[in-house]
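One chain, subunit A, links the two complexes that follow: it is found with subunit B in the first and with subunit C in the second.
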Partner chain A sequence: MTSTPDIIAGTPEKPRRATFDLIALLAAPGLLFLALIYALPLALLLFQSLRGADGSLGIANYVAFFSEPFNIGVLMRTLRVAALTTLLALLIAYPTAIAMNRAKGVWLTVFLVAMVLPMSLGVVVKAFAWSILFRANGALNQMMQAIGLTDAPVRMLFTETALVIGAANVFLPFMVLPIYAVLQQQQASLADAAASLGAGPFFRFFHVALPLTLPGIVAGGAFVFSLSVSMYVIPSLIVGETQQNLPMLIARSFLYLRNEQLGSTISAILLIIAISVVLGSSWLARRLGARE
Partner chain B sequence: MRMQVIASSQPESLSVTGAMTPGDKRYLEVSMVCKSFHGVTVMEGMNLRMARGELVSLLGPSGCGKTTLLRVIAGLMPADGGDVVLGARNITLVPAHKRNISVVFQNYALFPHLSVSENVAFGLKARGETADMQAKVADALALVRMQGFADKSVTGLSGGQQQRVAVARALVVRPDLLLLDEPFSALDRKLRETMQVELKSLLRDRDITAIFVTHDQEEAMGVSDRIAVMNAGKIEQFADSSTLYARPKTPFVMDFVGLSLRLHGRVVGHEAGVSVIETARGHVTAPVDLPVGSAAIIAVRPELVRALDMTNAPVAAGCNTISAHLEDAMVLGSKTILHGRAEDGDRIVCELSGIHSGYRRGQTVRFEWNIEDTLAYAVGP
Partner chain C sequence: MTRTDRIFRIVSWIIALAAVAFLMLPILITVVVAFSSSPVYTLPPPSLSLRWFADLQTKSGLVDAVLLSLNLAAVSTAVSLVLGTAAAMAVARGRFVGRGAIATFVVSPLMMPGLVLGVAMLQFFREIGLRDAYWSLLLAHVVITLPFVMRTLLAAMGSFDFSIIDAARTLGMSYPRAVAKVLIPNLAPAYLTGGLFAFLASMDNYPISIFLTDARNKTLPIKMLQYLEEQPDPALAAMSTGLILLAVTVLAIGARTVGLNRMIQG
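Let's turn to the complex of A and B:
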């Protein structure tokens, strides 16, 4: 047995050795799988983007990409659609999460099923369902004409508006659930405490509810923004080739143009956007969390 | 059996420790307040009146409606009917944030995203009273001896420190009424007693009117001028602690406040303000008028019971006496508690001052007390 003075002196009888936990080996298949199927191709892709047509290494491909106004337009559209989708998802998700937080028993189950069930339905099926809703003689146009909002059918299919609505629909659970999780950790009495101290509804919202849910909003925003930036199927089905985004441009470069350098370069740009969203949001979440 | 007792019907109970501010006895007036949840009535025709500067406790078991009453007064929950008047202003329909009633919550409800001083400043900011805010916040923190913690995060504080911050936050806005919901329940026993003394003198010094909600009778007796004992949505008795203890109005109050020797029986005779009750341990005389034939409970506070070693001694005049086998003798240092073997639902208990180590389990002991100390209640036909 180790005696107490030894411990105090810092000279335990057994020399301390870095022990290797055999259980850690269980992670090996997963790590190997990721390394082979994810990290390696990604590294090759990045390498590809840095290689010129003549085989020399450099940022020529990036310069070429950014000097093309069409590409800048696609990049801007991608970011704009992602930002609008995130905003719309937030506006719908926030009240939903509050309602879910209040819900009990059967109602909570209904809410959770309503959040999770649509995820099991393929995006293709949803997109065709929307086209029934959005088309010229679709349900939405008929309704708007019936209540006298519009005189003639409004073009909604193949518009950015339809894309944002559709994408917000698909990604909604990724915004609701983080906000709901943050709300779940809050004491219900905080709102009562604020009210009893003389804070009206607006003051309570902006000084208590909103700051406390900000980490959830940041996390949900990061999810939805990253998903929106990299979506391919939804814009292909809703707006088609007329208004391309970055992932569609990538697919076109690889599949139709057979320009692997361009495709790799756009992929790398998309990757950089995604990584900065993740890093930026986790930095923001940590900064917000540090106060607590 | 149960009755609503309001302050005006108990003028003798107002003669308390002397610190009470004379004047308006109707500073807070709750009248005929009703509340039900999903068709279940939890409160009906609730009345409560208290004076300015008075410290009152709502005491009762969980589910008695004390927290509901507190939330109705605070405006955090609408009443189904009735009125709440505070300082001549009817606030029944006034939203919580315009009532100027501060609440200290059971879990303190400090804002985790704000520092200690920001928590205390919250109420001033919300009201737009930003003049001298820093000075007011510093004063409030000094009042609860937390001035060294102004810039600390509230999540790192101990329970007692969090409670001090909650009290400072509630007082800095100069509330017309302070409500405290089980404020000491999360603290350990020693800290709880210290905080009770501290808080009471703080409220007294500042002449603050406050209502404590608690299920702990010692806490209620320690911190308040008067105690409203609640049961099943009604106030059973509203009096100062000595009246509650010495003259409980109902068997519920007798049982809930303090321990008693307690026997069930039946009234077998009465004359001139004295009733005789037959119990499993013999006849007991009580100084009250009870209808002959009705079921009754008699009770005595344990420190008024004497234990006699000589079981054959004659019964002294003006005394009740019963015999029982000793179940247990607990020597607690400052007192010794004797438990006699009793029938189901009855309790035989005697509290002797000091150490008495001569008692043995199983021995027969005679218990004696004065007739005038006997409490008795009719509990049915």
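Let's turn to the complex of A and C:
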């Protein structure tokens, strides 16, 4: 942000403050809209989850939810799948972002198209494509049999592994891009400087490259984790009703069971997880920023 | 460069190329299945045919779903661009307390679980007596599109030299005119990128829309999942191939005018 106009104009305090107030007002329509259509409904939902059947306030709904072993299982599965998806996405994304950062010309275009084009393809279509691939007579099984990995078709559709692979595929660009953005900003000369001072490749990676890219990893990881915790279409098509996650449980309680109280409570739990991820990652990002 | 460095580099390239193949795989599968003559997704296809493209005409309600989704995406993106421009200017230009908090708040719907937002909006709209499905969907889709617009506009305005606006005003332009004639053309890449991703996010949204639709107003992703559950034939892949073609065209235009690298970095 530039401060040139202030220097040139040399304006005194008073008129300046007046224009600032006007500019602040510009945010009002958007903020009012979001407060009414986004924040208020979420606040009401949280409030609803604290209200018992008789109208009293308390955590009875949460106690009811957590005293059901089935619900705990669903919660744990949701968190586990999200953690595994985030980890798999990071393992693929990190080297990819590094290669992308070095790529030039046609290769850079190839990488960028690979990131952006899948983002423009609907998630229903992508999840559907993966469900075709994972079928017992699907392409993956045929390939594995052709190269002799297995003799008989392996059951892949409806497994957690398939779900993690499919989800990591859909969310991968959201992990690559923040890391790539951080790499683009930093100077390649830093690693060279460390090398010229005698640091070995492993020391350089863990003490120079990795800490510098941590803000990108935190941003991408938080985004992919919150997307994975709240995914609905992907598990519906890849694992189905047999292995429900929290969003599927919400949809079921509202659309099929018509149990709004249960649905609201699970929604509130999912919302609390999402908010914790947002707050936690921004706290981490601030700490990383302060350390530099 | 030491040997370990070279190994690091080669490994990162191998993984990156595998990642490209991994990302392109669903697109490839969809296109291949769309042109296959078999109704049961055998890969590779026994022979090529266009029957699933012809079959699309028999799908009832598909055209309506496409039109509704295009309508929602276009209107909500337009509204978001207006609201977003104003809000982003306030954050980039104003010097009041809580600007960072505003920026976080406006972008935060991106990180919220879609289904939870859908549930919350469903209950809220019922509470205030809003029963019209189109208007409910439109309000919801503005919430979906606004973060995408805000993210790119905030980044672009952060590096925009606002003294140009002051110069335009010194030369006699009114403030709104200076914004329309100087700021917006200068930020055209951000508008194109933010608008494009907002549009795509609206077109693709399932989890919020599912709670707000009625029998007559079904968006495209909802209709597509419904077809998949009722009768999973490759006609859907044919239709997706059409959408992929559309996306490729739009991206090609974006790449030509803005550049891919700038698009993804907002």
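Note that in this section the second predicted complex is superposed on the first by the 270 of 292 C-alpha atoms of A that agree within 3 Å, B and C clash if a C-alpha of one lies under 4 Å from a C-alpha of the other, contacts with A are read in each partner's own complex, and residues count from 1 in each chain.
By our rule, contacts are C-beta pairs under 8 Å (C-beta built on N, C-alpha and C of every residue); 3 or more make two chains touch, one makes a residue touch a chain.
This one's a predicted model, so the numbers in the text were calculated from it and none came from an experiment.
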(Q) Going by the contact rule set out at the top, does A:N259 touch subunit B (first), subunit C (second), both, or neither? (A) neither
Q | subunit B versus subunit C as contact partner of A:H207, first or second or both or neither | A | first
Q.
Quick check on the superposed pair: does A:T159 touch subunit B, subunit C, both, or neither? Answer first, second, both or neither.
A. neither
Q. Now for A:L197: first (subunit B), second (subunit C), both, or neither, which partner does it touch?
A. first
Q) Once the shared chain is lined up, is A:I92 touching subunit B (first), subunit C (second), both, or neither of them? A) second
Q. If you count the residues of subunit A that each partner touches, which comes out higher, subunit B or subunit C?
A. C
Q.
Output the subunit A positions appearing in both contact lists, the one against subunit B and the one against subunit C.
A. 200
**Q.** Residue ranges of subunit A touching subunit B (in the complex, touch as defined)
**A.** 187, 189-190, 192-200, 203, 207-208, 211-212, 291-292
Q) Mind pulling up the subunit A residues that touch subunit C in the complex? A) 1-2, 4-5, 8-9, 20-21, 23-27, 29-31, 33-34, 37-42, 44-45, 48, 92-93, 95-96, 98-100, 102-103, 108-126, 128-130, 132-133, 135, 137-139, 142, 169, 172-173, 176-177, 180-181, 184, 200-202, 205, 222-223, 226, 229-230, 232-233, 236-237, 247, 250-251, 254-255, 260, 263-264, 267-268, 270-271, 274, 277-278, 282
Q. What part of subunit B is in contact with subunit A in the complex they form?
A. 74-76, 95-103, 105-107, 109-114, 122-123, 125-127, 153, 155, 169-170, 173, 179
Q. Where on subunit C does subunit A make contact in their complex?
A. 2, 4-5, 8-9, 11-13, 15-20, 22-27, 29-30, 33, 41-43, 83-84, 86-87, 89-96, 102, 104-106, 108-117, 119-124, 127, 139-140, 142-143, 146, 150, 158, 161-163, 166, 197, 200, 203-204, 206-207, 210-211, 220-221, 224-225, 228, 236-237, 240, 243-244, 247-248, 250-251, 260-261, 263-265
